[in-house]
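Paired with subunit B in one complex and with subunit C in the other, subunit A is shared by the two complexes that follow.
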Partner chain A sequence: MNEPRKHDLIVIGAGPAGAHAAMAAAGCGLDVLLLDEQPAAGGQIWRRPSSSRVDNQPVRTQPDLAHGDALRIALAASSVTCAFGHRVWSVSDRYRVDTLGPDGAAAFGARQLVVAAGAHERIIPFGGWTLPGVMGLAAATILLKAEARLPGQKVVVAGRGPLLAAVAAGVIAKGGEVVAIVDRTPQREWLASVPALASQPGQLKQGAAWMLAIALRRVPILFGHRIQEALGTDSVSRVVAEPIGGGARRLLDCDALVVGDGLVPGGDIARLLRIAMRHDRRRGGWVPVVSDLFESDRAGLYCVGDGAGVRGAAMATISGEIAGLAVVARLGRAFDAQRMSGLKQRWRKGQRFSDAVAEVMAPRPADVADLRHDTVICRCEDVRLGEIDGALAAGAVDINQLKHFTRCGMGPCQGRMCGAIIEELLAARLEKTREAVGQWTGRPPLRPVSLGDLVGEFSYGDIPVPEPAPL
Partner chain B sequence: MTGSSEPFSEHGNWVKGMVGVTVSVTVDGEAMRLGAHGSVAGALLEAGIRRLRASPRDGAPRGAFCFMGACQECAIFIDGRLVQACLVAPREGMSIALAGVP
Partner chain C sequence: MSAPYDLCVVGGGIHGCTVALFAARGGMRVALVERGSLCREASGVNAGTLTMQMTRVALIPYAMRAHAMWASASDWLGHDVGVVVCDGLSLAFTEQEAALLTERAGKRREAGAPIELVDGTAARRVEPGLGPGVMLAGHCRVDGYANAYLTGLAYRRALLAAGVDILEQTPASGVRRLSAGFEVVMAATTLGCRRIVLAGGVWIEPMLAWLDIALPIKVLVNQLAVTERLRPVMRTVIGIASGLLSLKQYAHGTTVIGGGWQARGDRERGGAELMPDRLIGNIRLACHAIPALRDARLARAWAGLEAETADALPAVGPVPGIADAYVCGSVHSGYTSGPYLARLLAERILGRQPELPLFPIDRLLKPAESTA
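== the complex of A and B ==
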């Protein structure tokens, strides 16, 4: 294939981190291309709502919406070239990025690359979690914020972290019923995190507003509980909640179960490019090893935002801006050194709050300790825990062997949904560290693509035929 | 990519479509109306359709799960092409089959 024209910088991911990296670099005169698979900038947290139009500004009362609109307006006014609706399926050396876009397969080139791939949810499996009507907390957030739709009429909200309260309040605001909040975190841990959370008064105020909405509806909050099982035939109709560590179970009738147990950094591009990574439990899992400028061990490749370790949108913005300016410096262009030192200072000051939130959402080894034998772990391939234990008994000693033995992680999601769980499970079963267990080997395509889409319209006449050799 | 399964763009319903507008589509051959805004996965959920496909190995019912393009649970045939229902907007005349990869 022909080599595409080279930009100065490609940024993958137009969330808070990626968009700010792109704007910082473009603001210093670089030729920047920003790619995202979604239809507009904002990432998952600042997603554009259905009824929103940048040219017809409605008044925003929720801070996430205001941030998102401000970002989209700033981006539109910048010199950044945006390509939305592009699913990145391969990234290769010298920085070539292959996508499937609205007009079919496309390829882009750049001297420098910023990866701002964001995070996806960790969901600890339980019986029935594959039933329709069971969905992620982030999924419910997207439905509520971007689609103005309820996940269900009677909703159970479960898992851990600040999204529980946000989603429950969102369901109430849209006129749905929250049957109960089932929170893995014991109440005492929440209280212990309050002083650190209070270092960001705006966030604490937002949290208090959510809790007030929940309290006014007298929604039961089951602290220190988890979902034991979801029941139903073609979709969920009832869930069983149980105290972690044993105790009386509760049956909750519902038509939707929204569940999420924290966030996992999206590391698939880092894995594909074989850059150095380390496991950081508090940051959600495997993160790329980066310098204070967010540069990886591969020159010219920067990793920012939640994809480089979960810290939240405010920190993502700062990391993106630092990396954008670092790219400018690396390409020998002028940038504002004072702005850079200000950003680094903000980064240091933000640590306490982001650490406190991350700690609440971080996985606990006990999460996978007592999963049931017949629970599906890999959704794509319907691989149950019993089969994984069978493979371990047969001698699998790392995660890629387990994949070869059982097909877990081999389906269309590319191991995104089950990887973090299976790594944790393996580490516990084999009494090894997460580093010893390893992670999936990154392979293209990162997203399922059909050969027809890659080849496009094609006829035999398109094949160049060499001149016949003279007789 | 052409046809009615194009992903959201600046011209797609995701951005333009306002809450309350509907389009007519067929679901497994049966005519029905779906909300035009947001994603096909969200519009089907709103219409009470939660089961989108069966898992290939166990044949167990599955529905949209992550709504952000990561999990592939909502990959069904729309206008004859396998696409993630959470990444396409509903369009007039769309033909939706509640089936994934056989």
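== the complex of A and C ==
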């Protein structure tokens, strides 16, 4: 493969942050390539319904769909070159982005890079969380938004953060029953956050609409509770909810458990490129250290949106636009300085709301305090808490060493799912800070890719085999 | 200061760990100083191949004995490190590769490796998973692999059982020569010892500089890849004539692909950045050899540092001109041969006659320095 031609800018991720970064830069005349794994822009929050399902009345979580449609129309009208269906598996050099696209392996180059990789879900393990019928809030959201399908007929929604209400409302709108909402957040914490949430009336209104739908169905909300165990033989049929800190347990019969304990910023590319990161509990975990223009400590690399710290779609949009303009400035092109200062003002004004929402979703050290000995922590490799404690007793003191001792994090998800939990466990057990415990080393592929797709068709003689080692 | 150790080993890779283990079992009071965790650099992240067909000819007698050590790791190490002994094949798909293989297999056989040349049909009987186009293959029954990532766990237990004081997460910043013995300098403390072994892999160069010895060590940055679990698709260790492929499937179904394709990196940053085109090239070789691998998914690729001297032969022996100081490392295919070479050095340190000659570094030093 020859080195690819260089665009002015590549943006990875076409959610609110990435799409706005791309449009801002392209609007000032830059040659911008926008890459996303999905078939259309919108990211998770503004996901486009599958075309096959459009007639099937997908759940209209109205504002999200309208935002998404507006974004897709604006993007189509812009000069941004979009490459959808491209799974980014490697980022290297300054900057080369390797993807698996519709036509196989492809490589793209750019002088500047905006990473808008979004966030993924945190699930605090519990007994039976690997049973069929237990799924993440994100997976349920995809079912509801893109496929117009219910996760189950009798659904328990559990975890923490505003997504609980969003998914519960979505299930109700689609005709399903929500058995209960099991919310780790105590009611007093929710009430305490109301003044800050009220600083963004539009978003508070959306939240109020969800809560109204939930209240009309008289769905019980168990504040300050968590799932203690999911039970079932072939799939989940009952869950046990318990008050955090002890108290009477509740048995809830259901055929689906949708669970999510907040979001983890997607730091894979930051780790791969070894840019400076810091642990920010409120922002969901490890975040890249960025300037007020969202530039990392690696020149020309910008990190925006929830992937740079969970703040929600509104702030993601602003951060993307700021970074897009910053790239324009860095490449010596003209941009509207007034627009930039307006964006920075909106960013400041939005902080209170996004801080309040992020705080509700943020992990607590106590989350991992009393997990059961036999609870699966790494589901890919079936590593249980007891084995992790065994490795610690055998002398493992760093996160990469723990992996070697137990195989935790060595499976298909490469620790994307269990990493945050295991780091938290290790910090608690060793009485160290998360910074001292560190993170697993970032390595490609950023997402699993098939070897067949990666190598494509080739002839043996064309493989550029290096010189043999000395005999 | 407490009584000095009989031996301090700086560097907790496979070489350092083995010297420390056998010295301790020989009756010495031993400390092992490691800046990170045991066997977490080259010794823990290499491909785990235990093959003769990628071993340098001069090292074959050592590698054959080392292979026997690996095969009996449960006995002397107390942990099997996942070692599987199986057949190995080195493949030739072109005339040029066949010529290279014939030459290389012949020399390795002369040195004691039981390699036979077989045709494609015979090779397929050994490894039914082979793709088409094999012209010639080197077949060796002394082959196999370990689970390299288990190395640190295995050695840690053995060293503790042998009474070695392990100082992990403890970078050494220098070595001072005392009137008798040495003082190893660390951030918060120092450690006195009568003898010292510098076993820092690619960091042997800066370590020897503590003693004013200039030994250039080239840093190879080897790329590797592992697939997700896949149904059994192969049962041997596969390589190619040029040595640019190593391939094996573990019992749990993952397949490790190596062969020494170079990534970007150095001593300071480690294996910092993989080269996508080279990764694809390496995986193409693997898929060409075992076509069923196309069904696997790539789980992870990484890079580890390998040390190489100017003549690509080991640096294992006394440090010239400095009594009781030793160096141990830079062994080509060091994972295969390391335990044996390091045990030889331990024998020498214990005052015994090693079974085979060491590889003193005098040959690699400029005359002025070798008489320091």
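The criterion applied here is as follows: the second predicted complex is superposed on the first by the 447 of 471 C-alpha atoms of A that agree within 3 Å, B and C clash if a C-alpha of one lies under 4 Å from a C-alpha of the other, contacts with A are read in each partner's own complex, and residues count from 1 in each chain.
Quick note on the criterion: contacts are C-beta pairs under 8 Å (C-beta built on N, C-alpha and C of every residue); 3 or more make two chains touch, one makes a residue touch a chain.
Quick caveat: nothing in here was measured; it's all calculated off a predicted structure.
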**Prompt:** Touch check for A:Q44: first (subunit B), second (subunit C), both, or neither?
**Reply:** first
**Asked** Who does A:F84 touch here: subunit B (first), subunit C (second), both, or neither?
**Response** first
**Asked** Looking at the overlay, does A:I399 come into contact with subunit B only (first), subunit C only (second), both, or neither?
**Response** neither
**Asked** Of the two partner chains, subunit B (first) and subunit C (second), which one does A:I275 touch, if any: first, second, both, or neither?
**Response** neither
**Message:** So in the superposed three-chain picture, is A:M135 touching just subunit B, just subunit C, both, or none of them (first/second/both/neither)?
**Reply:** first
**Request:** Would you check which partner chain A:I10 touches, where first means subunit B only, second means subunit C only, and both and neither mean what they say?
**Result:** neither
**Item:** First, second, both or neither for A:P412, with subunit B first and subunit C second
**Value:** both
**Message:** Touch test for A:S450: subunit B only (first), subunit C only (second), both, or neither?
**Reply:** both
**Asked** What part of subunit A is shared between its subunit B contacts and its subunit C contacts?
**Response** 411-412, 448, 450
**Fill in**
The residues of subunit A that touch subunit C in their complex are 1, 89-90, 92-93, 96, 98, 105, 107, 274, 394-398, 400-401, 403-405, 410-412, 414, 441, 443-445, 448-452, 454-455, 458, 460-461, 463-471
**Item:** For the subunit B and subunit A complex, residues of the former touching the latter
**Value:** 1, 6-10, 12, 14-15, 17-19, 35, 37-39, 42, 45-46, 50-52, 55-58, 60-73, 75, 82, 87, 101
**Message:** Could you list, by residue number, the parts of subunit A that touch subunit B in their complex?
**Reply:** 37-40, 44, 48, 50-51, 53, 84-85, 87, 100-104, 120-121, 130-136, 138-139, 142-143, 146-151, 233-235, 379-382, 411-413, 416-417, 447-448, 450, 453
**Request:** Using the touch definition up top, name the residues of subunit C that touch subunit A in the complex.
**Result:** 36-37, 40, 44, 54, 56-57, 93-94, 100, 103-104, 107, 133, 149-150, 152-153, 156-157, 160, 168-169, 227-228, 240-244, 260-262, 269, 272-281, 283-288, 293-302, 312, 332
